[in-house]
Amino acid sequence: GTIKVAGIFTLPVEQQWISRIHIALSAAEKRGEIEYVYSENVSNTDYERVMREYSEQGVDLIVGEVFGLERAARKVAADYPKTAYLMGSSFAPQAPNFSIFDNFIHEPAYLSGMAAGAVSESNIIGMVGGYAIPEVNRLMHAFMAGAREVNSDVTFLVNFLDSWYDPPKAKESAFAMIDAGADVMYAERFGVADAAVERGKKAIGNVIDTASDYPGTILASAIWHMEATVDTAISAVADGSYVADDYGQYSYMAHNGGSLTIDETLVPADVVAAIKAKEAAIRDGSFVVTINDETPVSDN
Amino acid sequence: MEILDILLSENFWAAALRIATPLIFGVLGALICEKSGVLNLGIEGIFAAGAMAGWMAVWLGADLWGGLFFAALTGAFFGLIHAILTVPLGLSQHVSGLGITMFATSVSYFTYRTALPQVSTPPRIEPFQPLDIPILSDIPFLGTVLFKQTAMTWLALFLVVLVWWVYNRTPLGQALRAVGDNPDAVDAQGLSVYGLRMGAIVAGSACMALGGAFLTMSAFDAFFFGMVNGRGWICIALVIFASWRPGKALLGALLFGAFDAFQVRLQTEVGAFVPSQVFLMAPYILSIIALVIVARRAEYPRALLTPWFKGQR
Amino acid sequence: MINDTVLSLNKLSKRFGTVVANESVTIDLKRGEILSLLGENGAGKTTLMNMLFGHYMPDSGSIQVADAEGNLAPLSLGHPQAALNAGIGMVHQHFTLAENLSAIDNILLGSENLFAWRRSMDTARDKVKDIMQRTGLNAPLDTIVGKLSVGERQRVEILKALYRDARILVLDEPTAVLTPQEADTLFANIDVMAKDGLSVIFISHKLREVLAFSHRIAVLRHGKKVGEIATKDADEKIISRLMVGADTPTSPRETLSVGAPVLELIDLSVTGISARSSLEQINLTVYASEIVGLAGISGNGQSTLAQVISGLTSPTSGRLEIDNQPVQKYTPASLLKAGVGRIPEDRHHDGIIGAMSVAENLAIESLDSSDIQKNGFLRHQKLKLNAQHLSQKYDIRGPGIEAETRLLSGGNIQKLILARVFEASPRLILANQPTRGLDVGAASEVGKRLLQARQRGAAVLLISEDLDELLALADRIIIMHNGELHVAPGRDRAQIGLIMAGEVS
Amino acid sequence: MIRIEPREAPSRRLTVGIPIASAMLALLLAAIPLSWAGANIGEAYQEMAKGIFGSVFAFTEMLTRATPLIFTGLAATLAFRAKLWNIGAEGQLYLGAMAAVAVGTGWITGPPLLLIPMILIAGAMAGALGMAGPAYLKTRFGADEVVTTLLLNFIILIFIQMMLEGPLKDPMGMGWPQSSPVVDNAILPQILPRMRLHYGLVIALTAAVIAHIMLSKSVWGLKLRAVGENAAAALHAGIGVKRTLMSAALISGALAGLAGVSEVAGLRGYLTTDLSPGYGYTGIVVAMLAGLSPLGVVLAALFIASVFVGADTMSRAMGVSSYLADLVVSMALICVLIGGFIARFTIKITPANKKVSTTDTGAA
């Protein structure tokens, strides 16, 4: 019959990051390839139990994120060798059935940085992040590198909310940066672009495409696509060839796991052209965006 | 140097007032409940319920003021449950309050998710816009701080004045103060202790819900799980800081808003040298210090936490 | 005119659980009459009045009240508002004042339209001032009640009732916290108002004032009305017999020669909450086998002195010696150890832990003794035996030694405290208002025990506002005024009263 | 007009029956959200029962979830008995967990018999320390402990975040804000193979028994109750009130700290800022449901854990939003509260403003 897939998420499915996985799985369900169930907002304390419950139920593939409970998740995987696990993780895959992925969209982030650097007139760019963790840091660094490539005068303001999910607070942070002179905001969180709209500044999107929600504001967005990752895993499960693997590469632009949208009415044509050229270089491997997981700090 | 620049900037104070607005609603609500003698730890959940209900009403087609009304109604509903549990039934105010927080939060989340099962970005509404009051908003400093806020901030400020007026100038206020000090005094004068207390809890909870609604209808335009993020608890602290006085409550909320606005700004300045958490902690630590300073002078409603039963001694 | 009935209570009954508080009580009240309601503690006086005022719902029976024209009409039961509207005013046994409001706000509470936008205080203030002038009951109207003295609060309570145009005034032990002078003034005022047509029911344990001021006396015993008598036909003996069902024993006081000094206060100064209650260079010696009575209007430093001797406050200068040993540490524990037994002023608040059992309360001052504990654990069997023994010895009656102490009646709670204090055979006994609010039987029990302690050789410092009690028990009387001590010139009530009021020094 | 009167002697049938009946009622009420979400009600209840009793795994999961609740419930019980309103068990739990990972992640080596007691003591001490501050501020300055403990929860959590990004950060953690794992010798062993249930439960039950004995049999317990019921009288009777309050505070904090140790060393292995989904707050509910009795805490914790785990599993099986679990727990709480009330009191309703006739048989 069809493959049974379960999603286990530690946050609600609206959350940007989670939503990408949820959308890819929902699409597969629509196509009739899988039966899809999910549990959202599962606390890390309950995560292992939920994994075991789904595993017991005979679900074929479990997709989720185990950043807070690597050990436990791997133990579960070892206990249920017949079930396939595809988990967001910072560590290596574990044979035979525990694969990993992560949002490696540093490449489009770099490109979006180019747009930001070129458009900024005050040469101050604000960045509001959730937590200073590798997933966030590496995108910020790539973004900063991209901006510096086109504008060596640009400086950055960095702020972390220590919360994944507090749009009013994110908005306040962004206001503070705009007050401090920033004219382009890197919108890692919900709420930042709202501040930019309200103050007539520009913003850069991350993970999802929100351009239509903020008309005239989003210069470019680095988008994450989980379809490549999820579909690869599903077909592997379907034909019985599933093995523990690092699926991180499926988030690279080369696999269409990452892409850039750009608003050509807001970004000058020559910059668009430069970005397109860079994108081609990334796709053919002639340019590699460095991965830097250190915590970024404001320039002073 | 830079610190002074921040403190003198009008945008900073505008931000402080904005951040303070939900807290003003919340702390007034907590004040109304506690002055009648009942602690309402349901506040965190009532915030969430207000945020959800107000947003949902507007999203389903109500206008903004209709949404606010619906949010207040929702708060009043949860307040009524707390009131029934703690006033005629006299159950533990701590437990009932925490129960209401759990109940209101989970009802809101469950409702939201069941009504909108398949969303991958939260649906948005058209929220309250800053009122650009023509001439007043051109006044140099105050113009930006005061006259570019949304209608909800004005509503909050109005409520401060209203609550002050009621407690200091009206017979109802006298009765409400008395019932939090000595319910027997109220009973002996032919007034209903149950009625006054339950009314206060319902009204206070409605006020709290407006604080939640501010988050989804003014500060932002969509509902998120967990977006209340401890703001309700802060109000419980602020009301003691304020010694149960509306004016001081406003001051306390503004101070907290200012701390918060300040930490955001300072973090971008010196974030490289000091861990961001130091700034996040600051408002809480300062609240405790402020509490210790005012604690000796705080005039507790004497009957706070003590249930009262008619015809029993 | 004086024969018009304004109130009639018909066969009222009320039970609390198994306690029958009132059983078929019938009482009538005439216009302009002062009726005094007597009975032991727990006889059901307050309960009866609470039913009249609507605090309690009677189990059966009915109440009729005259309206302004004098026609009797049934009163809706269980609603204080209905009682107020019918012209009934009640001054409760325990103050029902909001301490965070001013006196006038307390008086007006509930009389205004609750939902008015603003208050119209001027006419109200005029009316209150008028009442104050007519009755002589004066109170500072704009002071927060929390800052008023008990006497002032009592007057505010009465003003509250009169402001509502009470035609029937109920006073439940209004003089329990007043000085003799204050009580006399109050009754003089009430007398004037009664002549004006006000009907009064007053409850008191002080037979002297009952006999002096009332027209008629009704007596309750165990919830039933056991007698009614015109005051002019009554005397103390008759009333006591009605109340208790027997004569109250008076303990004989033998003359003893005093022993060595037990308590010495040497140049003791303490800063109290107010200047009046601060102590200035106090010197006092209490000898063994002696009862020293400390008289004075409350708030003149007696509580401060009691606090120091209890170890709750440290002196700012000077010292306290027990058996010639200076006290080193002013904590309740160390003074207990030094041999001071305390009967606290507020027995419910400071004397017992209501939610704990009688047995536990009996042991609570001797937790370190090996009779009670072993290695930090309670010896429950011993605890129980001890409690049984003491309840018998001190006649503590109630639902049993394992029951919560708050269920005991006031008199029995005081007996519990006496048992605890006397069993420790203290060198010094500090008895602070030990008979306040107790009925004649219970009060005479306290007196008997204090005399027994004196007999045994203990020193007793008896603080009381009841001059009769001091005169009956004390060997010497000292008067406290403004934080200073004055030796009473003799045993003349009037003379002592003047010194208490600060008019002679 | 509503009147509330205490029952003369609540019968055993009532005191046992009513709480059970109200728990059942709460479960019945769950049918409302369930049917709104379009689930088959009968099947849902079956799934719920399965989620608690359906397998050894389900049952041990329930016990696993009850374990921290027993600790935090005891923490609240001891503090509340002294009328010390410790709302800060959540923060103290994290302090305990932090101490456990600070001690137990490798720089001290030794056999389990040494390491496990060591992390337990460290965690208890850290939790106690977390409550010492508010208790000091209360006894010294009169600062309200509800507020200080509540605010400390936030401060501690942010502080832990800082530690996890700083000194306690796992060097092997790929940059994630998490601590190094607790070494194997410091891990609380599992009770059954392949199940998550660990010896934290045994420690929790032991703590409950000890707390019961201390409260009801020791002089300290009597002092604690005396101070809680009437501090003025306790002071008057020569009891060291501040000292007693402080000891209650320290023990309460220590118990909450142990909850943290048990979670980190028994279940998760390392510390993150999402160690507890609000166990500290739920502990208050547990304590009050138990009527502040230590042995009752065990039952109340089992009850709350069953409802949560059962409803959570059911929501997954039925494809209903998993927020249902919290909803059912809170409804159960409210019903049990009201039920407990009905067991102790009767509610008499008489029509308002009834004119009573002049005959003897006035009102009921």
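Chains here go by letter, A, B, C and D, matching the order in which they are written, and residues are numbered from 1 within each.
Rule of thumb we're sticking to: a contact is a pair of C-beta atoms (placed from the backbone, for glycine too) under 8 Å apart; a residue touches a chain by one contact, two chains touch by 3 or more.
Since the structure is predicted, the reported quantities are computational estimates derived from the model, not experimental observations.
Trainee: What's the overlap between the neighbours of chain A and those of chain B?
Mentor: Expected: D.
Trainee: So which chain is farthest from chain C, going by the mean of the CA atoms in each chain?
Mentor: It is A whose centre lies farthest from that of chain C.
Trainee: Which of the two pairs, A-D or B-D, is linked by more C-beta contacts?
Mentor: Greater number of contacting C-beta pairs: B-D.
Trainee: Averaged over CA atoms, how far is the centre of chain A from the centre of chain D? Could you give it in whole Å?
Mentor: Computed from C-alpha means, the inter-chain centre distance equals 37 Å.
Trainee: Determine the centre-to-centre distance between chain B and chain D, using the mean Cα coordinates as centres, and give it in whole Å.
Mentor: Going by mean C-alpha positions, chain B sits 27 Å from chain D.
Trainee: Counting only Cα atoms for the centres, state how far chain C is from chain D in Å.
Mentor: 44
Trainee: Roughly how far is chain A from chain C, centre to centre by C-alpha average, rounded to an integer in Å?
Mentor: That pair's centroid distance is 75 Å.
Trainee: Name the residues of chain D that each touch 2 or more other chains.
Mentor: Residues 3, 6, 158, 161, 165, 321, 323 of chain D each touch two or more of the other chains.
Trainee: Could you pull out the residues of chain A that touch at least 2 other chains?
Mentor: 40-41, 132, 162
Trainee: Going by the touch rule set out above, which residues of chain C reach two or more other chains?
Mentor: 57, 79
Trainee: Between which chains is there touch?
Mentor: A-B, A-D, B-C, B-D, C-D
Trainee: Would you tell me which residues of chain C are touching chain D in their complex?
Mentor: Residue positions touching the partner: 10-11, 17-18, 57-64, 74-79, 82, 310, 312, 331-333, 336, 342, 344, 349-356, 360, 364-365, 367, 372-373, 376-378, 380.
Trainee: Where on chain B does chain C make contact in their complex?
Mentor: Of all residues in chain B, those touching chain C are 169-172, 174-175, 177-178, 180-182, 184-191, 299, 301-302, 310-311.
Trainee: Hey, which residues of chain A end up touching chain D in the complex?
Mentor: So the residues of chain A touching chain D come out as 10, 37, 39-46, 48-50, 52-54, 56, 67-69, 71-72, 79, 90-91, 131-134, 137, 162, 293-295.
Trainee: Write out the stretch or stretches of chain D touching chain B in their complex.
Mentor: Those residues of chain D that touch chain B are 2-6, 33, 36-37, 85, 87, 137, 141-144, 146-148, 150-155, 158-159, 161-162, 165-166, 281, 284-285, 288-289, 320-321, 323-324, 326-327, 329-331, 333-334, 337-338, 341.
Trainee: Chain A touches which residues of chain B in the complex?
Mentor: Residues 9, 11-12, 15, 18-19, 113, 118-122, 124, 130, 215, 219-222, 224-227, 229, 260-261, 264-265, 267-272, 276-277, 280.
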